[in-house]
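Letters are used for the chains, namely A, B, C, D and E, taken in the order the chains are written, and counting of residues starts over at 1 for each.
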Amino acid sequence: MLLLVAVSIDSIVSNPRFEWDVVGDYLFDDRILDGLVLTLELTVAAMAAGIVLGVLLAVMRLSPNPLVAGASGFYIWLFRGTPVLVQLLFWNFIAALYPEISIGVPFGGPEFFSIQANSAITPFVAALLGLGLNEGAYMAEIVRAGILSVDEGQHQAAHSLGMSRLQTMRRIVLPQAMRVIIPPTGNETISMLKTTSLVSVIATAELLYAAQLIYAENYRTIPLLIVASIWYLALTTVLTIGQYYLERHFGRGSARELPLTPWQRFTRIVVPRHAEPATEPEASGR
Amino acid sequence: MLLLVAVSIDSIVSNPRFEWDVVGDYLFDDRILDGLVLTLELTVAAMAAGIVLGVLLAVMRLSPNPLVAGASGFYIWLFRGTPVLVQLLFWNFIAALYPEISIGVPFGGPEFFSIQANSAITPFVAALLGLGLNEGAYMAEIVRAGILSVDEGQHQAAHSLGMSRLQTMRRIVLPQAMRVIIPPTGNETISMLKTTSLVSVIATAELLYAAQLIYAENYRTIPLLIVASIWYLALTTVLTIGQYYLERHFGRGSARELPLTPWQRFTRIVVPRHAEPATEPEASGR
Amino acid sequence: MTEPMVRAEQVHKRFGRLAVLKGVSLTVMPGEVTCVIGPSGSGKSTFLRCVNHLEKIDAGRLSVDGQLVGYRQEGDKLYELREREVARNRAEIGMVFQHFNLFGHMTALQNVCAAPVQVLGIARQEAREHGIELLRRVGLEDKRDAYPSQLSGGQQQRVAIARALAMRPKLMLFDEPTSALDPELVGDVLAVMRGLAESGMTMIVVTHEMGFAREVADTVVFMDGGVIVEAGTPSELLANPREARTRDFLGKVL
Amino acid sequence: MTEPMVRAEQVHKRFGRLAVLKGVSLTVMPGEVTCVIGPSGSGKSTFLRCVNHLEKIDAGRLSVDGQLVGYRQEGDKLYELREREVARNRAEIGMVFQHFNLFGHMTALQNVCAAPVQVLGIARQEAREHGIELLRRVGLEDKRDAYPSQLSGGQQQRVAIARALAMRPKLMLFDEPTSALDPELVGDVLAVMRGLAESGMTMIVVTHEMGFAREVADTVVFMDGGVIVEAGTPSELLANPREARTRDFLGKVL
Amino acid sequence: AGCGSEDDESGGTATTSAPAETSGGGAAAAGTIAIPDALRGKGTLVVATDPTYAPNEFVDRDGTTIIGMDVDLIDAIGERLGLEVDVQRATFDAIIPGLAARRYDVGISSFTDTREREQTVDFVTYFRAGTSFYVREGGPDVTTLEDVCGEKVAVEKGTIQATDVQRQNRRCATPADLQVYPDQNGANLAIQSGRADIGMADSPVAAYIVKQSNGMFRLDGEPYGTAPYGIAIPKGSGLARPVLEAVRALMRDGTYMAILRRWGVEQGAIDNPKINGAID
């Protein structure tokens, strides 16, 4: 097993087709770094929008009011159902369809407010709209699954204490749903890092597109894709670690023992057993 | 609210830029339909592979054996961390890196088996490898969240009855985890419908790429993207309905009342209350 | 004449085709302690849940402290209350569940303080002090930072009682509050409840502690099959039941 | 001399820094019924879980039917058992939990039949018939198709007992099996357990039913603070406890 | 939208070659060509290009500037029209909808002018490209289009080569295995890995690819055929005629040839630009 890994690492490092020298040259290229920054900005902004929207849509979806639940269901259907590429193009070129965005009374009523679509919606705004609105639909399903995973008794206990539906959601249900919500949200965030590459259709050069632009010029496709992959892996590593600690945080009080953090595992080996840190027993559930 | 919807439907139908006649022309075009079939084949196959792999990886990830858990963690990190685009290119063009795939003893030992990479890995196989292996990493996280959502007492009760770890997973934990696993898996499936469009980088024409090839030729971008969107929406509708019934199925015995199916809601209105179907009371939880 | 605290008239409740309450009528005056006994499945829990409007009743009339539960009457018409109003009414009724239902992500003390802070808007520090005091009353001051999953069943139920008391409710509903407690602790908790009763708290207690019922209850009610079979003072009902079913049940229990 | 069914010698168990079992020694002979009593938090549940190898012990020796729990001895060395072997040993020990832990996605009958079919490989039809028979024994033949969430607490616990009996175990562990049952049903369940005891089943019962202990137990064990304070026949221990702590506890409970 | 009066200059009626009007008067000085008022007011010509097609349009080493033959030409055209030129990056999927949305005024991205495409946008032709073959070093030989029959051919989507091979396939005994990649890189990677054997691209692009390949690829056979490149302009925008005049002016004063020479693509020069000049 370890041999296998060693052999494959060897064959990757020594294979000339990977052109590791070129990888090194471009790893910190300005264009790549600019793309990286944009990727990060878009991911953070779109995920933030997606999560807020998702929580809202999920709560709506579970509402007893069929109109509210239906509206949310329709949104989820529509935005999950159409390709993000199309949504991005739509937001960017909404001007082709509606050259002016105006708010007013329809059917010839007065117009309150009107703006040129092209100037209101910059490519960055279009990218955010496209990615965020789309992500909201996916997050809604994830949050809904999380809410459903919390025991009905928790709702009832909260209600019997006089908490409103929203307070119950916010204070009681969602915090306990987090354990179930976090892993797929990690998936979504990591996906989003890469979905941002679709915004290249509206000419915003995030990480992958930056690499593509470079290899379009010099045809060093493989090393440049490796450069992009290295950066994506680095970002994923950071996110995975963040996810790990978030899961620990929201796992508090849950019915299973928390896994040790790598750091605790380390001290556990170095420091003798009976000298365990004082916080240890508190942290472990039944 | 309804007025708003009516107004926007009106403005969509009557807007000439959508070129609805062109949409009609291409909706059942052979190339589009072929692409649709390929999209379906790839989605079904890749999701099947991804789900099987994901369950395996999730169970491994929660294993008490640190080597097994670590191997699974590494896989998840690597495959979530690199863009699918790169993975697809890697599998399709592995020949550029390793013209021959051979199985044998490394470091000059005998070779047991050797094959031309290009003939072993057809573009379809490459697409499946790329999409399926990648999806496995995402599904692993979703399944893991599901498993964690099942009360620890369930494990213990099953263990005390002499069930092995695998039996417990298969018979007791996973069925109850399904409620939490299904919604994000629905997300993944619907995403996958669209992720298949990435296989265009290996010159395989699924739905969206088929549309792109057509508009690359005739420049009718908007109507052809509408054609693709209509098909995606149709597929999403089918999947959403399927998901709804799956959730109902796995929600049996859960702590909340099952929502009525649209059909039941219909009969509920038409048929007077005291003539409810005989199965009704069984279906509602406490 | 004072208004009754709880007045139920011909309350009906069904789940699908299963009728669980088939016309329950009961009046509880302020300061009264009513104990409800009855066999499993007789609808005791369901009735308590209706009083707290956790279930909607299908027919009949149910009011708490003069106010219809879940409805507002204007003239002859009934209007369904809005969620906010239902919540406000529930906040004045404490409930202790058979299955604890502690909030799993909060420590014992946080469980006790959450609702007073969130719902009543009491200052955090004040709620905390009151919470510690209540935990002491149920004998758990040293477990204040433990999560429910780290407590035994008995400990969990005591936290649940403290949590309900923290809202200073005008009516307390107990659904077998001692059924998961260790015998040696039952006494302590019953003492707390006795103290509550003496301080004038109106209480409906579903219980199988006949000793408690005999000593504390003003009225004992025997439910079976979704109806109240018999009601009376403890001495009447427990010592000289009129109905055969009651006699039968008591014969098994005592 | 027959081999004891359970032999515990100086069993220790700690959670983090909290020592829960501090040297528990106990021998249970085949066919014997041992009742364990003791205050909340004294480690009764933890001890049962160790016997069933749901928890690993930290020090001491624990064997069931002559086999070390979780280890295999070859010469002087102990080898940890593989998962499959641990599972096989567990299958021979029935356990009824304080909190039922019924499988939520299965009906009552499915709960009872699952393990016999999966673990013992009994034919589905046979398991079903046996399952129906067991449900009848706990008075729930009419609830066989109900899901746990549709059953009251009492009903759930009775299904859990039937589920454990379905494995035809050679040792049964009960963790407060009647604490969530209605008084009128406790008698029925205790009757089932009494029948079991008479049929020669070896049982360890954590309980607060002193009547049951007095009548059925061969040995009563009083635990407190992670150790066995006192053990003896029911008449010795319950009537004439030697230790002050035991007297104290019994004074509160009886 | 909707200055319908100018629709006459397009309308799919092909070759409205109009040398008559202004041809006599000498070099059109900067700013003397009449352009629509809206554009005049805006003062900027927004140009879309997909800069992944060196040497015609690609991104310079600084990562932001787009350079290439097309860019130099459109800069010069803008100067003739008295407009600032703002070249924006876009992928192919976005350019046509972007023109329709008037987000871009024109698109210049090595577009081949075809009859079918003229249904959607107007083209002003400005160049003529042949097709070159290139193969992996050690790969099969190819001299003419007939030789692709039975071979594995990689091309970029939307190129004239994709259409050419499709047409040729109807005449082949064993048709070629045509692989259409989303971009030229995909095609190159396919050839590099042996998944395809023959690459086809516009001559200047093919030459550039071979130069960049470090000896991995070589040009093979003779370039064939010619197809016009056109600047894509939304129908009804009133811009086709001014652009046409600007191109003519550039040809007259030698700027045009100078630009082509700078990029080494003077073989593709034309002398009679047209609105919608597709050849059948």
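Basically, contacts are C-beta pairs under 8 Å (C-beta built on N, C-alpha and C of every residue); 3 or more make two chains touch, one makes a residue touch a chain.
As the structure is a prediction and not an experimental result, all values here were calculated from the model.
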Chain pair with the greatest number of C-beta contact pairs: A-B
From subunit D, the most remote chain by mean C-alpha position: E
Length of the line joining the C-alpha centres of subunit A and subunit C, rounded to whole Å: 45
Where subunit A and subunit D are represented by their mean Cα positions, the distance between them in whole Å: 47
Chain centre separation in whole Å, for subunit E relative to subunit A (CA means): 39
Multi-partner residues of subunit E (each touching 2 or more other chains): 93, 97, 100, 189
Contacts with two or more other chains, residues of subunit A listed in rising order: 85, 89, 96-97, 151, 153, 222, 255, 282, 286
Subunit D residues counted as touching two or more neighbouring chains: 99
Subunit B-facing residues of subunit E, complex: 92-93, 96-97, 100, 114, 116-117, 119-121, 154, 157-158, 162-163, 179-182, 186, 189-190, 192-195
In the complex with subunit A, residue positions of subunit E that touch it: 1, 48, 51-54, 58-59, 62-63, 88-91, 93-94, 97-98, 100-103, 183-185, 188-189, 209, 212-213
Residues of subunit A that touch subunit C when the two form their complex: 151, 153-154, 156-165, 167, 171-172, 175-176, 250, 252-255, 282, 285-286
Contacting residues of subunit C [partner subunit D, same complex]: 39-41, 45, 98-99, 152-155, 176, 179-180, 182-185, 187, 208, 249, 252-253
Subunit B residues within the subunit A interface of the complex: 1, 3, 7, 11, 15, 17-18, 71, 77-78, 80-86, 89, 96-98, 106, 138, 141-142, 144-146, 148-149, 151-153, 179-184, 186-187, 190-191, 194, 197, 208, 222, 225, 228-229, 232-233, 235-237, 240, 255-256, 286
